[in-house]
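First chain written, first letter: the chains are A, B and C, and each begins at residue 1.
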Amino acid sequence: MYPMPVSRWRPGSRLLYKLSLPCALLLWLLPLLAVLVTSIRSSDELSAGNYWGWPEHFALVENYGTALTQTPMLHYFWNSVLITVPSVAVSIFLASMAGHALANYRFRGNLLLLAIFVAGNFVPVQILMIPVRQLTLALGLYNTVLGLVLFHTAFQTGFCTLFLRNFIRALPYELIEAARVEGASEWAIYTRIVLPLVRPALAALGILVFTFVWNDYFWALCLTQGDDAAPITVGVAALKGQWTTSWNLVSAGSVLAALPSVAMFFAMQKHFVTGLTFGATKG
Amino acid sequence: MSTTLSDKAVPVSRERRKAPAPLSRRRNRAALLFLLPGGLLFAVYVIYPVISSIVLSFYNWDGMTPRVFAGLDNYRELLHSDTFYTALKNNVIWLVLFLLAPPCGLALALYLNQSVRGIRLVKSLFFAPFVLPGVVVGLVFGWFYDPTFGLLKLIVGHGVPVLGDPRYVTYGIIFAALWPQIPFCMILYLTGLTGINSEVIEAARMEGAEGLKLLWHVILPQLRPATFMAVVLTVIGALRSFDLISVMSGGGPFDSSTVLAYFMYDQAIKYYREGYSAAIAVVLFMIMLIFIVWQLRRLVRSET
Amino acid sequence: MKFKAGKFLLAGIACLAMTAASYADAATLRVTVSARGNQRAVWQSAFDQFEKANPDVDLKVTYVGEEAYKVQMSGWLATDPPDVLSWHNGERMAYFARRGLLDDLSADWQKDGWNQTYAAVKPPSTYAGKQYAAPLGYDSYGFFYRKDLFEKAGIAGEPKTWDEFLADCKKLKAAGIAPIAVPAKDSWTLAAWFDYLDLRINGYAFHEQLMAGEIAYTDPRVRKVYATWKTLIDDKYFVDNALSYDVDSVSPLLVNGQAAMMLMGTFFAAGLPEATRDKMSYFRFPVIDAAVPMAEDGPVNILMIPAKATNRKDAHRLLAFMAQPQINGELAKGWGQLPSNNQAPEPQDPISKIGFQILSSTPGGVAQFYDRDMTKEMADEGMKGMQQFYSDPGQIDQILNHLEQFRQRIYKK
């Protein structure tokens, strides 16, 4: 394992490392702490310029309460779940298949297809704005959860295919050869050999795609209207006050909106264990 | 295991596999089926719109009335526009400075790649900036830079009008944008680190390699796929940077911090100039294309 | 577990969608309005009253956040619009009227008496001789100031003339207080300054011509506005680093007493902490040239009916209802604005009251504000020029030349 596992360090260095973690964390998360503190700060203090000091008056219940009730936040939250979970699941699944095809099969145009996937990723989203909207309208999917799911799935598949293709490429090909010799079908090779080995990559992608889709505001703007299919990002944006922005409310809403992504990351952690990949090839 | 791109039957040596014809056809069909669903969705929602936008760049259209053919007018206007060159310059600055993210991400990944107690929580918390919406990141850093009440003033001693000064504003925004981008690269590297062949590391250690030499000669080459992704995605992020610019400076003061992505959005949304906006998008895409081709060539060369 | 619930919900949504579609066949009135923060509640109470008075109409309201609204609106107008939309008056409305996307409301102005009750705001609601807007509330613009800081600097009353104003600024500066705060990062606040200086120096008629793109930016009268502005900048009467503050981050300066005055709309009062609000009052932008009749900025929000709306009959009924003095007053009060209906009850809040009185007694005309009177593209370029001017007043010649070239491209096209 790289770097040298801490258990093999000198005790002095080990202690230093363990102490450094909370310090580094505090410094790194200072802006995040500011957001958290702002979310319980009252509007008056914000108007007085007290951005970084300890709040004199705690408005936790008011802020979070208002954030949850001023607009139908729970409904938006549910919409976000309905949009994000299928998008993540389907795009990773489709991308793993496409990545497997591009990495392990030789055929003419393999590289060209890869180039197209890469190029598609570089496309600035604004360029897609108008045509995708027209397309969604034409399909009758405007202002629906399904419309957003289809778009996100399609768009994220490009990015995931690229990532997985590279990852799968680095896997030892002997496994596949061995399976072929034993007469396994292509599908079995994919499900029994490739998929288990790409688990860390799938976990990482799961988190990334989840975060991208969950935090998306731009496409919610383009493809929805009003409350029906709006995700939570629309709800947070709507918390901006009438003429001056209620940043404490926006912070409260953002904290609520950010929790699922962090929870996801925490849950996926166990897939980042070293040595998982190559356990299968030994012996 | 070396691989070839040709599927023609060639005089075979023991190292190369020779696929009998029916089997290779079956494999090609399998490859096609694996590619089809993802590829089709991608083609419909990404490729087709790109082509559609390229076509649109040759028209004038306000989104409401019928479109009018304009030939190269949009491009000509673009090349004469000051804002275009400012945006281009800023895009270059973004590209260069944003590439600090992969090395910082690598450093973080190395720092956190241990199994002490609670490291799972620590990793999750380091990742947290990435999940915050751009609006909130922009807001907090805006407060950091505030010349009267901000932390920067407390640290430096006097107010530095970062976001109000056309010379500093882009740098201020890039600094803010790096905060979520670094954990993004960190994840990619953490993933890459799980895939490192520990036998190779042990062997190198036994030969006496350690520290930076070990990193440079043994680890980094194995992390090449992760580095590729980190660099590619950081470049995409730099060229796409939109949220933070929109929130922290609105492209100002007087357009000094605008980038092509923001310029394009402005033209389409505020001024209903869809054709002109498409032209800007095409130019941005062309720039990216150069980078894509270069990266791809490096990737292919490193694999063959 | 999650998947099962998901499937059920998707099925449920599909059923709802089908039922909703069938409902649309009945006499539905679809209304989409822009709503920020707690504006929803205010809209909703008015809509509820309409429904009670008109039980035969099936009212379906969609609330859209302000930014989303601006992005999506043009798309609706072009394809499948609701029956009633909210928007801004002046050139913003004219932009769509010009393209034939709005329904003509001149008959309503006639029959519902709006020609009398909304007389002051009829010009900005008109395009090519016809009216297309039903006015809602508007804001008055003037100087917010800290009464206690004025006392501290030894200023007796509110300045009525420009000379008095300059003298007051000097006293404030001597007392160590920044006389004027301006959140220049939000460029429209600089536009407010331009508007008022132009209205006071050159008058409403000239201002409207400039907004319509008929006057060259290199005209000496335009230059005079900037020259007057420059004296304030040269004397350092504005707060330091103004370009770093937006409307949100500038209020601490007023709350903490670092700045004494700010040219802003009356809506700003609602965002101030109560303790500060008690110390603040409000005065009209001073007279510069006594020969020029006083004109004001009073940007109006409106309701309009898209030309492609399906249920226009009920849409007109809704507009007639919302335009009544009492409803107009309620809406304005709820949003911290001023009612544009001159029969509406006068607002009670002290600052709004002053604002209302100012706007009701404006002999010179009510402009819609720089970026609503002018084509958006030209307005944005103009405001950028103002930021540049503010940052470096010496550049004024280059800026005006550039704006002139820009104007020729936009308006001669």
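In the analysis below, a contact is a pair of C-beta atoms (placed from the backbone, for glycine too) under 8 Å apart; a residue touches a chain by one contact, two chains touch by 3 or more.
Listed by chain with UniProt protein names: B = Carbohydrate ABC transporter membrane protein 1, CUT1 family; C = Carbohydrate ABC transporter substrate-binding protein, CUT1 family.
Small disclaimer: the values here were computed from a predicted structure and weren't measured.
Ranked by separation of Cα centres from chain A, the top chain is C. The interface with the largest number of contacting C-beta pairs joins chains A-B. Averaged C-alpha coordinates put the centre of chain B at 39 Å from the centre of chain C. Mean C-alpha position of chain A lies 15 Å from that of chain B. For chain B, the set of residues touching two or more other chains reads 63, 143, 146, 148-149. Within chain A, contacts with two or more other chains are made by residues 49-50, 237, 247. For chain C, the set of residues that touch two or more other chains comprises 71, 75, 249, 252-253.
Interface residues of chain C, counted against chain A in their complex, comprise 2, 6, 9-10, 13, 17, 32, 35-40, 62-68, 71-72, 75-76, 79, 247-249, 251-253, 255-256, 265, 267-268, 270-276, 335-336. Considering their complex, residues 62-65, 142-143, 145-149, 159, 161-166, 249-250, 252-255, 269-272 of chain B touch chain C. Interface residues of chain A, counted against chain C in their complex, comprise 43-44, 46-50, 70-71, 82, 85-86, 133, 137, 144-146, 221-222, 225-227, 234, 237-247, 249. Partner chain B is touched in their complex by these residues of chain A: 1-3, 5-7, 17-18, 21, 24-25, 28-29, 31-32, 34-35, 38, 49-52, 91, 94-95, 97-98, 100-102, 105-108, 110-111, 113-132, 135, 150-151, 153-155, 157-159, 161-163, 166-167, 169-170, 172-174, 177, 186-187, 190, 200-201, 203-204, 207-208, 211, 214-215, 217-218, 233, 236-237, 247, 250-251, 254, 257-258, 261-262, 265-266, 269-270, 272-278. Residues 70-71, 74-75, 77-78, 96, 99, 101, 184-185, 187, 240-245, 249, 252-253, 258, 376-377, 380, 384-385, 387-388, 391 of chain C are the ones touching chain B in the complex.
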